[in-house]
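Inspection log for the structure reproduced underneath, given as structure tokens.
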Amino acid sequence: MNKLEEKAVSLLQSGVKLILGYEKGDKGARPFFCHTPEDASKLIYDEHATTNLATYILKPELMGHDKVAVCATLRTLRAIAQLASENQIKEENLIVFTITEEGNGDVKEFSGIDEINSYLTDKELEVAQLYKELDEKLSGMSREEKWSFWVNEFSRCIKCYACRAACPLCYCTRCITDVNRPQWIDPWPSPMGNMEWQINRVMHMVGRCIGCGACTKACPVGIPIGYLSRKMLNDLSEEFGYIPGQAMKDGNSLSTFKPEDKENFIH
Amino acid sequence: MEKRYINKEGLAKWFGSILNSGKRVYAPVRHGEKVDFHQVHSLEDVAEDYIQTTLSAKSVIFPRAEVLFSYKKDNKEVTLEDFNPDSVPETVIWKIRPCDAAGFIPLSDIFNGGYDDVVYAAHLNKTTLVSFSCAKADDFCFCTSVNGSPGATKGSDIQLTILPDGGAIVEIITDKGMALIKSAEDCFEPAKDEDKAKYLADVPVYFDLNTVHDKLKEAFSSDIWKQQSERCLGCGACAFVCPTCACFSIEENSKGSHGQRIRCWDSCGFSMFTQHTSGHNPRSTQSQRWRQRILHKFSYMPERINDFGCTGCGRCSRACPVDMNIREHLTSIVK
Amino acid sequence: MSKIGVFICHCGENISATVDCQRVAEELSKVDGVAYSIDYKYMCSDPGQTLIKQAIKEHNLTGVVIGSCSPRMHELTFRKTCAEAGLNPYMCEIANLREHCSWVHEKGEATTEKAISLVKMLVEKVKKDHPLTSIQVPITKKALVIGGGIAGIQASLDIANCGHQVILIEKDPSIGGHMSQLSETFPTLDCSQCILTPRMVEVAQHPNITLYTYAELDSVDGSIGNFHVTIRLKAKSVDPKKCTGCGTCSSKCPQKKIPSEFNAGLGTRTAIYVPFPQAVPNKPVIDKEHCNYYQKGKCQLCKKVCPTDAIEFDKPDELLKEDVGAIVVTTGFNVLKTDFFPEYGYGKYKDVITGLQFERLASASGPTLGEIRRPSDGQIPKKIVFVACAGSRDPAKGIPYCSKICCMYTAKHAMLYQHKVHDGESYVFYMDVRAGGKNYEEFVRRAIEEDGVKYVRGRVARVYEKDGKLIVKGADTLLGGAPVEIEADMVVLATAGVSNNGAEQLAQKMHISYDSYKFFAEAHPKLRPVETNTAGIFLAGACQAPKDIPDTVSGASGAAVKVAGLFSQSMLVREPLIAVVNRCAPPLFSTCVGCFMCETACPYHAIEHEEIKNRNGDVIKTVAKVNPGLCQGCGTCVAFCRSKSIDIQGYTNEEMYAEVVSLLNN
Amino acid sequence: MDNNESEFEPKIVAFVCNWCTYAGADLTGTSRIKYATNVKIVRFPCTGRIDFMLLLKAFANGADGIIVSGCHPNDCHYTSGNFHARRRWIAFRHLLEIIGVDVRRIRFSWVSAAEGAKWGDLVNETVANIRELGPYTEYTKVAQYVEKEDNNE
């Protein structure tokens, strides 16, 4: 029995009803809902797993009054920290643990959100290779070329909202896309409606995106949507005073301000 | 069914003649790692070496979004511009997979069952499907478990089976198919004595479809739906890539004095799909929506239109962000 | 189905001169949902309003759009008109055809087209409008008056005499303000102190007035009817309850050379001091910046000599929290620094002084006990030059505006000088004499004709010293610019009146607007001269612009009436243009997801948490709720809310969206 | 403006706050300062209220240019609405730049209630700039697709 399985079994035996973790799937690690100690042997830990388990923490049909434990990757931890700052986490029913980076499979259980926050302080948020390449490609483009690049990318979108569903921070009870008075975003898949949807997503993510890349990985047609939020996250961090990958306290970038905020375009 | 043979040069010439005839031609086109149907203008545009397109060819006949009619208000007078079936150009879908072509059978049963959906029928009637039998398959393919096969001709107008010499066995299934052959008769040679089965991929049978159908009759209240759908995120990827999913929504593109009524894809997997104005949602949980998806395809459709709503293309499993594998779930239902 | 009435006003010819009003009305009659459309010469006139009312009744109108002047002008008028005809006032919208169209464009097709699309835009808005009902908020019937000059004194007394509680705060140790520094006042030449001090005493004794001197506004929260203010009571170092005002401490204070603010720097005071003999309250404070104890750590002489042990060192400032319903700002003005004019030699030559310093010289309570003696040697100046517009009306070096009071006080100064120095000669350099006001022109004429003051029209180029005289060089523009040179004994500069120190910060604290000179801005320069754009905050006196005493006092009484009027209501009725978090049917209850980021965005702390409970009393979810008493309707939360769960009444998402779509499609 | 019909007349929407810029534009009128007819004002209570989606909708519906204007920093009638707006525009404009939207077509400004002349100049400058840039067909073309015309790129 490895340390992860041991931990899972002991949690399940001590009153935890569900452990959110990963199991082996057809395309690498996939989310796994472990309800019984017998199933605990199926649990695997994969820090590269693309599904952010924090997404499930917000689902009322999964999260009742029972205690739930999450086997969290760094990405999941980041999401949980951000969600906590947005009043979305019921700490009393949630146990969060991770497998430490040292490599011997040690399990670390967090005492609470504060400890998660401090655990994250020295964990730098890296930029994915795909995004770096895209950065390079786009930096060589004229404005018109960028525009036609993104129009083409977005025209492939089928509005399946897998990006929204996979994102741990897209938790609105009613998404803006479902608002029809007024119809802010064309509900049918069309290049402009798709683009408006993504612009909204990025604007809604300003200072909130935790850069987990779940949206890009979820997109069935392969649009690198996460690039936009990720780039904004880095580009605006200094300006708005947050550290990418760490939760902001007391509001987020667009709900707060500094009187001395700098811009060079308002005349 | 008539058969012909076409050699490599003939194939290119025939394809060229189709393009020159002014028909729109849709074929798989590579975009990075993904291959999907797009309009093509030469044979070089057509992708090689892939198992399956991400999306089915459904959108050629049932577009992602389509204007049903437009309206204009002027000086309190309203003028309507209805959908014009003549505006749909003659179209050829080239290199469609047999499972995709088969998908149009249940789709047509839904749209044209009882009466013809004018918009859908206009596209269908103007479209000729040239399928290519499958020489390769992957672990997600399971056509043989749902009454299909890598060389099934159901739904196709013409089917080609590519031979090692670059030529192909040509099977002409419908009159529409024959018309497309006749337009370039000289490209073809008489059929050779070739065993098509030799060139087809081997797709194992994973489960017995009739057992699935029988088991589902009793399964409405089963716990299996919750177990299977626990990790489902509730996105619409599976429905949108599916060749038989027909759910749509009617939307209004209003600009005040003018606008359009638009039909676009929707998915029973979305929580808002069944949301009532009252606030009540008859399918309020994801497990209920997952159950609907499976029951609809494997229980209700066979009963209502005598056809299953699945052709075993495996797209939903490939597209699912959380690796919900329909083949795996159907197999577990049988067990 | 909407039945909208469109009313296009010609505004005499203000609109119709460049906009084809008839065509606008015609075009609008073709718009979907418009049931009635007409143009008329004066919509705001009585017959115009009657026209609207009749149309509402006859055509059962569900909404009204009026194409007229700016909504900032007549929105309220027309909303009332609609209400009188039984239509919800918030179903009335104004298209700005005058300020934003007819007055800024030439006559032509494009102008009329623009007018049409502006009205159409509002028609689309009205279609999305919802009837709204006013919000009622309880009122705390206590006023805060900031600034104890004549304006603050008058406003406090007037409000207090209406039977309401007033808190008057003054940053200096005594109330009285600039008026207490003045010698005699134009145009009647009565003694300023004589008319002011009784009122100061009245303030101190009034049962409805609580006076805090040496006090400043620290912060303001809340809104009209319910402000929460924090007042900083600066440590006086003297316990006013124990102090009897005997003055022993001041007489023993070793720091005696501090320039007296009250005497405009012409006299001195001690570190523990009463600013002037008639001060209210007449109890000293310790000026920490000059006190030996506070600066060097030892002395405490005053503490030793105080017979009542009233001196209390090292007490911190106190913060006092009060709830008030209205605020009157009467923080007054200041005089322009004279270093703008090195050529006049102020600061370099002792005998070049400001008008305010001259007031002190002429004042019986001043450093010379009312004799005009020059600061350098105490001699009586025999020739004196008054320079009007020393900074005013000078966009290049000073301020572009007219300080308004200088013409009059300069005439007064010259007159006072002639009365006191019978053989003296006085010259006034002026640009124009502005003597608009009751008995003002006569007063100036008297100075010239009866007292022989010599008026020279022209600017002074420079002042320099030569052989103990001040040489004033200028030009007489009435004599074709002939150079004038006067050997004067003293020069008095009528320095410009400017906004008070810290006015900008104070305005920002209270969220009131101010102009580019940092004078506080009225809600309307003519029709709402004592109100600010922030409801419940009123203005009076020279904090708005330089003003003379009669204007200041009438403004103060005006502000007081506004406060009393507000307090005369049992409930405050507020416009319902506020944000609302949606509520809907269960099981959703609200689309708000409870992220409460709106809470961090709201400048008014108007977002509250509401727990939604099921029948068993269990909390199902916690969602945001807007406190209608606190929300001011800025809508920042609306633009921020990701799920569009907050909307703002009167500027809803649907309304704004419809406006944009209409502008670009119709 | 002038009668040259061949000249491109840009459609420009101005999103302004009620307290400063709207009042400033009123003052432009009261001062009888003339400006181009191309700009039409939509009144908001505060710049903090201006949703970035409305800007996108303006472009999608055929606007060639946009003006966004409100109170100067520290002058907001609601204390901080303009500060919030400023942050929003910093982020929004940056995103538009990444995507390749022509941000030259959005003119951000602060115009106070006292700056009637500034409003007139702002309008005329913006109209001239947008006239030079030409119609924003690049955007409206995309907005008009229901299905993208398949050009296989």
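A, B, C and D label the chains in the order they appear, each numbered from 1.
What we mean here is this: a contact is a pair of C-beta atoms (placed from the backbone, for glycine too) under 8 Å apart; a residue touches a chain by one contact, two chains touch by 3 or more.
Since the model is a prediction, treat every value here as computed from it, not as a measurement.
Of the two interfaces, A-C and B-C, the higher number of touching C-beta pairs belongs to A-C. Chain-level centrality, scored on Cα centres against the all-protein Cα centre, points to D. Remark: subunit A and subunit C have CA centroids separated by 51 Å (rounded to whole angstrom). The mean-CA centres of subunit B and subunit C are about 72 angstrom from one another, to the nearest whole unit.
Computed centre separation for the pair subunit A/subunit D is 34 angstrom, with centres defined by C-alpha atoms.
Subunit B and subunit D have CA centres that are 45 Å apart. In subunit D, the residues that reach two or more other chains under the touch definition are 52, 57, 61, 74, 80, 84, 88, 146-147. The set of subunit C residues touching two or more other chains comprises 588, 601, 640, 653, 657-658, 661, 665. Counting partners per residue, subunit B has 64-65, 253-255, 262 as the residues that reach two or more other chains. If you draw each protein chain as a dot and join the dots that touch, every dot ends up joined to every other dot. Residues of subunit D that touch subunit A in their complex: 52-53, 56-57, 60, 73-74, 80, 83-84, 86-103, 107-110, 138, 142-143, 145-148, 153.
Across the complex, subunit C is touched by residues 86-88, 171-176, 179, 181-182, 184, 204, 250-252, 254-256 of subunit A. Partner subunit D is touched in their complex by these residues of subunit B: 29, 38-41, 45, 63-67, 253, 255, 260, 262. Contact residues of subunit A toward subunit D in the complex are 138, 141, 143-152, 155, 184-185, 188, 190-192, 195-196, 199-200, 202-203, 206, 228, 231-232, 235-236, 239-240, 253-259, 261, 263, 265-267.
For subunit C in complex with subunit D, the residues that touch the partner chain are 70-72, 96, 98-101, 103-106, 110-111, 113-114, 117-118, 121, 504, 508, 511, 513-516, 521, 533-534, 577, 601, 603-604, 632-636, 638-640, 648, 650-651, 653, 656-657, 659-661, 663-665.
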